[in-house]
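Several structures are given next for inspection.
Paired with chain B in one complex and with chain C in the other, chain A is shared by the two complexes that follow.
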Partner chain A sequence: MSGPDRPGGLPVLLPFVAPRSEARLRPAHAWLLCGLGTVALPAWAQAGTASLPPLEVVLKWAPLLLTGFAFNVAISLMAMLLGTLAGTGLGLAMLAEGAVLRRVAWAVTQVFRNVPWLVLLFFVMFLVPFQVTVFGLRVPLPDWVKATFGFSLPVMANVAEIVRGAVRSVPTTQWEAAESLAFTRRQILWRIILPQCAKRMLPPWMNVYALIAMATVQASIVGVTEMLTLTAQVHAAEGGRPELFAPLYGFALLCFFLYCYPIDRLTARLERRFETR
Partner chain B sequence: MAGPRPEDWSPDQPIVQLIDVHKSFGSFEVLKGISFDVRKGEVVCIIGPSGSGKSTLIRCINALVPVTAGTIRVEGIEVADPKLDKLALRRKVGMVFQQYNLFPHKTALANVMMAPIHVLGQDRREVEVRARALLAKVRLAGKEDAYPGELSGGQQQRVAIARSLAMRPDVMLFDEVTAALDPETVKEVLVTIRELAEEGMTCLLVTHEMNFARDVADHIYFTDRGVIVEHGPPATFFASAQDERTRRFLSQVL
Partner chain C sequence: MIEAVQGWFQRLYETTGLNFTVFYDPYDWNRYIGGLRMTLLLSVTTILASLVIGAVGALLQSGPSRLLRGLVNGFVVVFRNTPPLVQIFFFYFGLGTLLPALRTADGLRIPLLDNVQWAILSLSLFAGAFNVEIFRSGIEAVPRTTAEAAEALGYTRFKAYRHVVLPLALRVCLPALNNNLINLLKTTTLAYAIAVPETLYAVKQIWSESQNVLEMMLVLLATYAVLVGLLVWIMHRWERALRIPGYGR
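Moving on, here comes the complex of A and B:
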């Protein structure tokens, strides 16, 4: 009475897994086993290994799981870098003098700000090829790189809005003063307006980062080997024992909390400090 | 009408010339035909009740506000020309604002140094020597490293004057520069402007300081509801104003 063919089973409810024929441990298995509540142990668990207590299982797999977490951090940092660069450009385009550029930039921002991040991720995963050819050189694009692009899109749109809002919040008298000193528009933006905005932009920017760091686990849905994927695989490798569910996922939870909570506190502190000035 | 070209301008002609300048914001006409000349080295004060378009008028001269109709020339440059090189115009015209508008993220010295370095491309060390001298001139020696937030209103306004002077303008525009100041700091700013005027700087001021206008101005224009209703040198202007509105205004402020 196991397997997706079981009458009354609802395979449509199973999580989607990107086709990866070479994957040794498939998260779907773990989900499936847990979902059905079977006690059937995979072959390797029967080969003499005694069941370890939950905490020891976590300790045993911690190095691997932390490698996965490092991937989450790497994806989030890269997405933030790309998204911030693109978002700054997009935000400035929304403030451009040319009406066409301004409207296009505004539309792009609105689209990427108001769609689910997961949907963007799917689009990028399936639209971006697995390799690109640059000057005759084939550059492979592994899944996690594609996921990075996917996450950088919402970052871009949110940073664009932060930049636009911050520039707008600088009094127009600063523009007048700079204009009357014969600064060009570009000089005014980069030398006078944006440096004043940097402080104002920092807390919301860090907020976006904390959100994107937590969102990187969505990459597991499209088959990227990050912490959540590995956790599911480890769970399966340990025989999918139900009592391991809480410790293993609790470990993932703890890692993200320990990483994001300090960012959140720091953001709040910076916000308070800039407010009182 | 083909106006004179900047290269034809000579110092014996008016340095600032306004001919029938109109300005509307939507359907509201703020300036209804303003004409006057400012000659090199002159100090001209514009006075009048609030909302009479004085600030708009002075902002038209350095093209911060585009005019609706009429002609403005600064050293022969046609300010209303659509092909106007705004940067070239603004290098000749300095402006000081009511709210100082210093750059809050820069020190006093950096505020003064920025434009000559980045706009005129001058040598940093040479600019720094000049900037320090200018700050000393406006009696702010020792405040070079202070940020605007650490300075009083009067001190900030004097930094703003030094910042404008660092560009070596030919004309200085002052837009109610003492209106936001405490009474005790008004004087230190007025002293600075008076010294500037005595050195021969061409100054155009919008002001409510009648005593200052009487002592320093070469010519006074009184504007009300977008037109010049009375003008003259201080002696005749204050002693024998002809227009009823001017007399009423003067009796209220003097």
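Moving on, here comes the complex of A and C:
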């Protein structure tokens, strides 16, 4: 597009301008935030003389809310672990030689990818029993375990698709070369193809992680005590004042932003680095 | 015809115990259809609004004003990296209570925007942030020479964007747009959290009254499968209709 640095305004012989990088934070955004803060803080500070000002409420409850946030992170990590293991299996099943297995794996992937995550969460929360009996031993399933399982289902489907795409993107000549060296199919997959895929799979895999980390707050809808549930409880404990909603939910937004934005930047950087190779 | 279907599902219940109340109880049916209508309303309005936000945001992002560029970048970064559910809560509870409200003659508080409007607003902004990035990648794929040719023909910056760059960029980024719009359709379920009576909400009401969780879950899964399938089909039709021979793949 026409840059602001054009001499004379003639649309010919423009100097080459590298394409602008994607949206990211710059120092100017920090200044903007500071400006907003100086405007908003006095307004908050003088809100109500008898009750605590909103900012102090947030600071007072921050340890509890951060514990809730840590729980969200823990759920997302466990869901990611489960989902990645299951998803790798499912992705390889989609590449299997047997047509039946391939079709079934494809159908499972499509279903779990196309259903809203919240619906999957409801599905698991309502249809999985609260305890299971294994060999006469009663194992209780608390709600957060079920929620973790519910989040790992969409992760599984997305990871399966990533694995399939990555394996497909390896040139066919690699398969042929390995076959001519008398590797078996399993050996080819594990020792030649997948090691090459790992690098390609990393950025989209991290994208999925950022999505699941942000989705864990949905567990509050089905009654798991995590950050949003605690935020609502804190709000009630402070007398349910309406002006407290914005700072409390703003604090939750800030926590997730500080967690997810670095992941986003790292993903973008990895993507760029692997692209040029 | 309708009686036959209703009779069949009633018999299914009596013989197998599978209780699909929505298909023989007119009350549940109406509730389900109401929810479906709300989901469609949410999807259509948020899709259109997010497309507009994306196109305008991408125009500003490639514009000469540094201030506007910074604002759009900040908006994109913040909305992409925070959970949509918290965004909805922040808007509905946080900003909704800060806005001045109207009062009826009885002194009852009527908010300026109701929960449906807040859901539409926050979901549009959420998906719009992704659309800005998608449109930007499409615009970068348009050859600079094309934009320069438009300028040489005397197009203003806005006219060149609207008539030359955006139509080409749209075709390049349609696959990515496709994904995001499907994601948006799935994200409309989050409006459940602020009691917008959409499909999930209606279905939950039905299963808590009729005690048929499994059956309604199946109906719910089928509903979203059909809705997503429908959107995919429409987008593919659109993609084919927009295709320019020799441009892109």
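Following the convention adopted for this analysis, the second predicted complex is superposed on the first by the 227 of 277 C-alpha atoms of A that agree within 3 Å, B and C clash if a C-alpha of one lies under 4 Å from a C-alpha of the other, contacts with A are read in each partner's own complex, and residues count from 1 in each chain.
In this text, a contact is a pair of C-beta atoms (placed from the backbone, for glycine too) under 8 Å apart; a residue touches a chain by one contact, two chains touch by 3 or more.
This is a predicted model, so every value here is computed, not measured.
J.: Regarding the shared-chain residue A:Pro195, is it in contact with chain B (first), chain C (second), both, or neither?
T.: Only chain B is touched by A:Pro195; chain C is not.
J.: After lining up the shared chain so the two structures overlap, which partner does A:Val115 touch, if you call chain B first and chain C second: first, second, both or neither?
T.: second
J.: Which of the two, chain B or chain C, is in touch with more residues of chain A?
T.: C
J.: With the two complexes superposed on chain A, say which partner A:Ala177 touches: chain B (first), chain C (second), both, or neither.
T.: A:Ala177: touches chain B, not chain C.
J.: Just to be sure I read the superposition right, which of the two partners does A:Gln187 touch: chain B = first, chain C = second, or both, or neither?
T.: After superposition on chain A, A:Gln187 lies in contact with chain B alone.
J.: After superposition on the shared chain, which partner residues are touched by A:Glu56: those of chain B (first), chain C (second), both, or neither?
T.: A:Glu56: touches no partner chain.
J.: Just checking: does A:Phe123 make contact with chain B only, chain C only, both, or neither of them? Give me first, second, both or neither.
T.: Touch status of A:Phe123: second partner only.
J.: Mind listing the chain C positions that touch chain A in their complex?
T.: Within the complex, chain C contacts chain A at residues 61-64, 70, 72-74, 76-78, 80-87, 89-90, 93-95, 97-98, 132-133, 136, 139-140, 144, 147-148, 151-152, 157, 165, 182, 186-190, 192-193, 200, 204, 213-214, 217, 220-221, 224-225, 228-229.
J.: Which residues of chain A touch chain C in the complex?
T.: 1-4, 11-12, 14, 19-20, 22-26, 28-29, 32, 111, 114-119, 122-123, 126-127, 210, 214-218, 220-221, 228, 242-243, 245-250, 252-253, 256-257, 260-261, 264
J.: Residue numbers of chain B touching chain A in their complex, please.
T.: The contact residues of chain B facing chain A are 62, 64, 86-87, 90-91, 93-95, 97, 99, 101-105, 114-115, 118-119, 160, 163-164, 167.
J.: Can you list the residues on chain A that touch chain B in the complex?
T.: Going through chain A, the ones touching chain B are 173-174, 176-184, 187, 191-192, 195-196.
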